[in-house]
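Order of writing sets the chain letters: A, B, C and D. Residues in each chain are counted from 1.
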Amino acid sequence: MNDTAYALEARGIVKIFGNHVALDNVNFGLLPGEVHALLGENGAGKSTLIKILTGAYQPTGGQVLADGVAVTLDNPQHAQKYGIGTVYQEVNLLPNRSVAENLFLGHQPTRFGFVDRRKMERDSREVLKRYGLDLDPASELGAHSVAVQQIVAIARAVELSGKVLILDEPTASLDRNEVERLFEIIRDLKARGLAVVFITHFLDQVFAIADRVTILRNGKLIETRTLDGTTRTDVVRLMLGKDVAFSGATGVEDARPLGEVLLDFKGYGKKRSVHPFNLTIHKGEVVGVAGLLGSGRTEMARIMFGADSADEGTVTVSGKPANISRPTDAIARGFGFLPEDRKVEGIFGDLSVRENIVIALQGKLGWFSALSRDEQLEIAGRFGESMDIRAASLDMPIKLLSGGNQQKAILSRWLATDPAFLILDEPTRGIDVGAHAEIVRTINRLRDEGLALVVISSELDEVVAYSTRIVVMRDRELVAELSGENINPGVIVQAIANHREGPPA
Amino acid sequence: MSRSLRPLVATAVIFAIAYALAVFQFPNMFSTRVLGNFLTDNAFLGITAVGMTFVILSGGIDLSVGAVIGFTGVLIAVLISLAGWHPLAAFALALAIAAAFGGIMGLAIHYLQVPAFIVTLAGMFLARGGASVITRDSIPVNHEFYTWISELTIRVPGGGRFSFIGLLMIAIFIIGALVAHRTKFGSYVYALGGNETSASLMGVPVARTTVGVYMLSSVLAALAGIVFSLYTSAGYPLAAVGVELDAISAVVIGGTLLTGGYGFVLGTFIGVMLLGLVQTYIIFDGTLSSWWTKIVIGGLLFLFIVLQRLIFAASTPGEKSH
Amino acid sequence: QADLSGKVIGFSQIGSESGWRAAETSVTRSEAEARGVDLKFADAQQKQENQIKAIRGFIAQGVDAILMAPVVATGWDDVLAEAKEAEIPVVLLDRGIDAPEDLYLTSVASDQVLEGRVAGEWLVNEVGDEDCSVVELQGTVGSSPAINRKQGFEEGIASASNIKITQSQTGDFTRSKGKEVMEAFLKSSNGGADICAVYAHNDDMAVGAIQAIKDAGLKPGTDIKVVSIDGVPDIFTAIAAGEANATVELTPNMAGPALDALAAYWADGTEPEKFIITESKLYTAENDPQGEYDRRKGLGY
Amino acid sequence: MRRVVSALASPQLLALLGVLLINWFLFPPFFRITWQDGRLFGSLIDVLNRGAPVAILAIGMAGVIATKGVDLSVGAIMAVAGAVAATMVVAGYPAPVAVVAALAVGLVCGLWNGFLVAVLDIQPIIATLVLMVAGRGIAQLITEGFIVTFTDPLLIFIGTGSFLGLPMAAVIALVLMIVVTLIIRRTALGLFIEAVGVNRAAASLAGIRSRMLLFLVYGLSGFCAAVAGIIVAGDIRGADANNAGLWLELDAILAVVIGGTSLLGGRFSVPLAVVGAIIIQAMNTGILVSGFPPEFNLIVKAGLIFIVLVIQSPLATRLVPVRLPKAEARK
């Protein structure tokens, strides 16, 4: 392999956490001018490999070579010197600093030893314009939506990468246009001879942009191959090591009789957050919520759950008026809420998987009827199994699990409370094909069991797959409600795009 | 107005109002003499608080500063009065020792992964103990250099004296503000306080910055010790006990979040002046007993925090409502 | 008593760290009130910087005179020079300072070294020529009473080679530390059998030590002699009960002589003596301890 | 069973053993215990007796720190509680009434802190700093600055009595530790406290009333401080508002940290916090009996803290440092 001029190469990498082998003798080579997709199920070891390639972790064995020379990368800054720019899986920026500083931190332009802010902000404006963002570079990053932050992270990595750009699930929170713009930039970088690593769970995107693909499974290298002549089924089979049928839109049969009314929101809203909306939710139905990023879906979900309290309108639960101004009110009535930002609002990082699963149930039971350790293990074990949570032990801190498995644990948390109504905000974000299918299956099962669900998702194919009804949000307003025939991506896109005209059909 | 500027403005407004009220009651408080005293009397606290601002911005805390002030004072008093050193040489040695001391604390915090609270608590015991080991007495310093410095005072009509140490404090504040807001080091400090994991992934030299922050804090505390020594012309092992809490209060009253990442050096200046104002007011009032003095200081501390909190709660960045 | 009505006098007190200090504050207040003085009180919470601030504040306010109980001996030159420049007389209370004498009018204080010496000499008389090992409970490390009282006591027993200080630790001037340290001393001295006397730098520590001795099953005052300094009410109760042997009084009335000196100075410019030394009187069981207790209780220690 | 064994091998107990051995080395009769006047007597008993107030503070402090908070006011609350109990018995109230009143005052002080932290959302260090400063003033206001001496047998018994030969203070600490541990571990409180400490936003979305919990932990801390305050007053038969509990908050925090609870909140252990307090006291007693000159006290203390922390630090327990996760482990 010595004759191949890899820009960055990993040879025989082994990474062991405690007694868990996260990477087992993995070889990985990056050619200049290629887009290399790195695929694998949740927990396959993708992020770990990336962290080793960028000096954030030290390998237990094996070596990293830059331009054919073995190097020891002590830390990410060291890796930057080799022209390696990285966007890590979770948005890893500084919400407390300005956009410009996030773009340039560590290599700010200076004048007389001082940071030249004016130049930095001017340059930032330029850079952001390339991504179609027109915002004040002096504004605080935390004031912007996750999507904007993700774009800033990508822009930063691109600016830093002289030779290699590594993107770990960069598109998880981007909409179609933004993804398209990102791809343009990647193609441009590729043309300039950069090597790009691209991790994603969207196979469409892999086929749209990648040249070669490397597949990991359970920490082992399965194969590296060019995409020419490779089909989706091949890739999925390689990832899972078996054949699965995951088809996009299964469609829900029409004319299902609606169950009885569970919830009825009337004029429900919160000033400066969500326009008052009316929504009736029946038992045994899934209401999909579609809309652009920032259209206010999360905020609607939060006021439904009482995480933010509504300041106008009423809600009835099973016909009885209810006051839901705190999550505990909602939970007492059988609600559950899977938040969008797993790390910030979902997991208790230092607590065990077991505790993360039982906590909502325990909260519902109150302080005094404590679940014993054995009961906790039994509950966690039951859900861990049925949701296929992959963890070395139920007693390990949940922060050590991969993203998809964390998500399954949080979903288990709510299922353990035996809920009547679940709100899922982007339940499949950043989740591999296997886990994705698992979650979609779970949604369908729950609906059939008579639960009511509201599911927010940016994946139109997916929403269409399980929704009995779809509501569309635009500019913090519920603008359309689609059912039956109209549940198809085309109509939804039209509803999202429509301006001021009444909802279609 | 940027979100993060608001607590700063809040503090400034509160200070202005409080000062106006005080002057209304005691017209004497509005004089160049009192203004000059504000600077001179709070010089060492202000300089310490600049260092503390950096530490808190980085998400840490430094409980050792008061003890470092005491240690420095004793060390230079001994060097000058007993060993016959020139003050400048003694200052240089004291600053160097402080730099090493802060550096070691920073190293321990970073590499041993021990909370700053505990490491600097041990540092506080060490420095205070070191001072008592050097001497148990208070040692006067009589050196013409000290006299010369204390004569470097600008006198203005109305009894005002703007002393060298008061002006030095202002200079340190200006330099501190420049470093915090205009240098890479400053941006690393904010980055560390914002999110250490992100900062490290973004290539911030976390170890170096951590060590640098605690070094800076200790060096500024030593400088404050020098100022204290100039201020009192003496060294005393029990000097400046509890100054760390005053410094932390000043930083927080000045609008810097204790969790790190948000705040301004200038805010700390206002915080220091506010504390000085409270004390001066109590002295002018002159009727409070020892215990009422404590209760009133506690009450005013509470009042400032709550005012800041209530008026600007909605806009304080970094803390989402739960 | 002179009438000083209309005079405004600032009083910079160290703090309220002990009962004796609180007594001094209240005595100062009542002495000022008796003379019609408007007393401005400033508590420094044990910090010299606060005292300096207080004095500067008094100067800015234009008071007629300043009383100050200095927390430490050094570091007053600049601020006293400012007072002098503003022609405000300063009187020091209860300890002296290292500063040129022209910077203050007078200093009303006890002789702390003498206090220690009186205690030491009492012990020398008491034990005669028996061997006696003494344990010492020091005040706060570095504070001037602790340093001086230690020195005085050592001078007092210097002549008696049969008396030795075997252990010495700080009890921080507090009862609970005094008790804790005494407990440790008892453990490390063969259960207290090897200790003949305890010398405490203040009465509070002695009161704590007495309890420790009792807890160890010994009789304070008999098995182990107890001598201390200050003369607070509780030690007189202990002496009356035979649990303590001697105390050296430190009067809390420093302000009386100070105000009298000021009055004379203002009346006809009489320069008072530079150092007004209060009496360091020894009290033992012979001096009617119960009566002393009753007299002092009212003073409000 | 295995958990008990692994708890015995915890670095805290090893550190305690180390300190005790050093004491023994410096002062051979350290472990000698005799029976005298119906009670045990010896340096080891002193360690338990003198360590009890800080241990009691640490019991309350552990919960506070687990929620990512800190309570600087406990020393001042001790002074207040002692002052209340002493002035009430001196004023002629029956001792049980005085004790209950003092405990109630401590609880109220704690709830006040809880209010500032939970409702006004003030950062704990600063919120409790208010009471740290003002509390001692309140205590002095109650006693008017004097040491209020009393002769009430019940209060004195609480401070200096003995039960089954053990000092009452140590017995109270032990009982409090067991009761609080049982309450925390037999109910879901411990889990909830840890959850709030780890991620308050997630906790409230999971239906945990974090405000109530904060009130609870600060209230408990205030209550524990009051217990310690009564013990300390009973010990010297007087309420010393000026010095009771002075700087003990730092020792209590130190004890909790030595006990393995992170100042960043999360996992906590009340018994190990108590062990931490005993370690600190063993150090103090060791210094006293070994006869070091007092100037060195602080230096020895600093050195020992450092050693204990190094023994406990992840560096020592896990010789291969992992780079990234440590980033979260400090501040």
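Worth pointing out:
We take it that a contact is a pair of C-beta atoms (placed from the backbone, for glycine too) under 8 Å apart; a residue touches a chain by one contact, two chains touch by 3 or more.
All values derive from a computational prediction rather than experimental measurement.
On a Cα centroid basis, the chain most remote from chain D in this structure is A. We define each chain's centre as the mean of its Cα atoms; on that basis chain A and chain C are separated by 71 Å. Each chain gets a centre from the mean of its Cα atoms; for chain A and chain D, those two points are 44 Å apart. For this pair, chain B with chain C, the centres built from the Cα atoms lie 33 Å apart. Shared interface positions of chain D, i.e. residues touching 2 or more other chains, are given as 140, 144-145, 201, 204, 295, 297, 324, 328. Residues of chain B found to touch two or more other chains are 132, 136, 197, 199-200, 289-291, 293-294. Residue positions of chain A with contacts to 2 or more other chains are 56, 75.
In terms of inter-chain touching, the protein chains here follow a pattern that is not a line, ring, star or complete graph. This structure has the following touching chain pairs: A-B, A-D, B-C, B-D, C-D. Against chain C, the residues of chain D that register as touching in their complex are 27, 29, 34, 36-37, 41-43, 46, 50, 140, 144-147, 149, 160, 232, 235-238, 240, 242-244, 246, 285, 288-291, 293-295, 297.
The touching residues of chain A, when paired with chain D in their complex, are 17, 51, 56-58, 75, 305, 307, 326-328, 330-331, 337, 339, 344-351, 355, 359-360, 362-371, 413. Of all the residues in chain C, the ones that touch chain B in their complex are 10, 13, 15-16, 22, 25, 39-43, 45-50, 52-54, 56-62, 72-78, 82, 86, 98, 140-144, 146-147.
The touching residues of chain A, when paired with chain B in their complex, are 56, 75-77, 79-80, 86, 88, 92-97, 101-102, 105-106, 108, 110, 113-115, 117, 138-140, 142-143, 156.
Interface of chain B with chain C (complex): residues 26, 28-29, 31, 33-34, 37, 40-41, 44-45, 132, 136-140, 150, 159, 161, 228, 231-242, 276, 279-280, 282-284, 286-291, 293-294.
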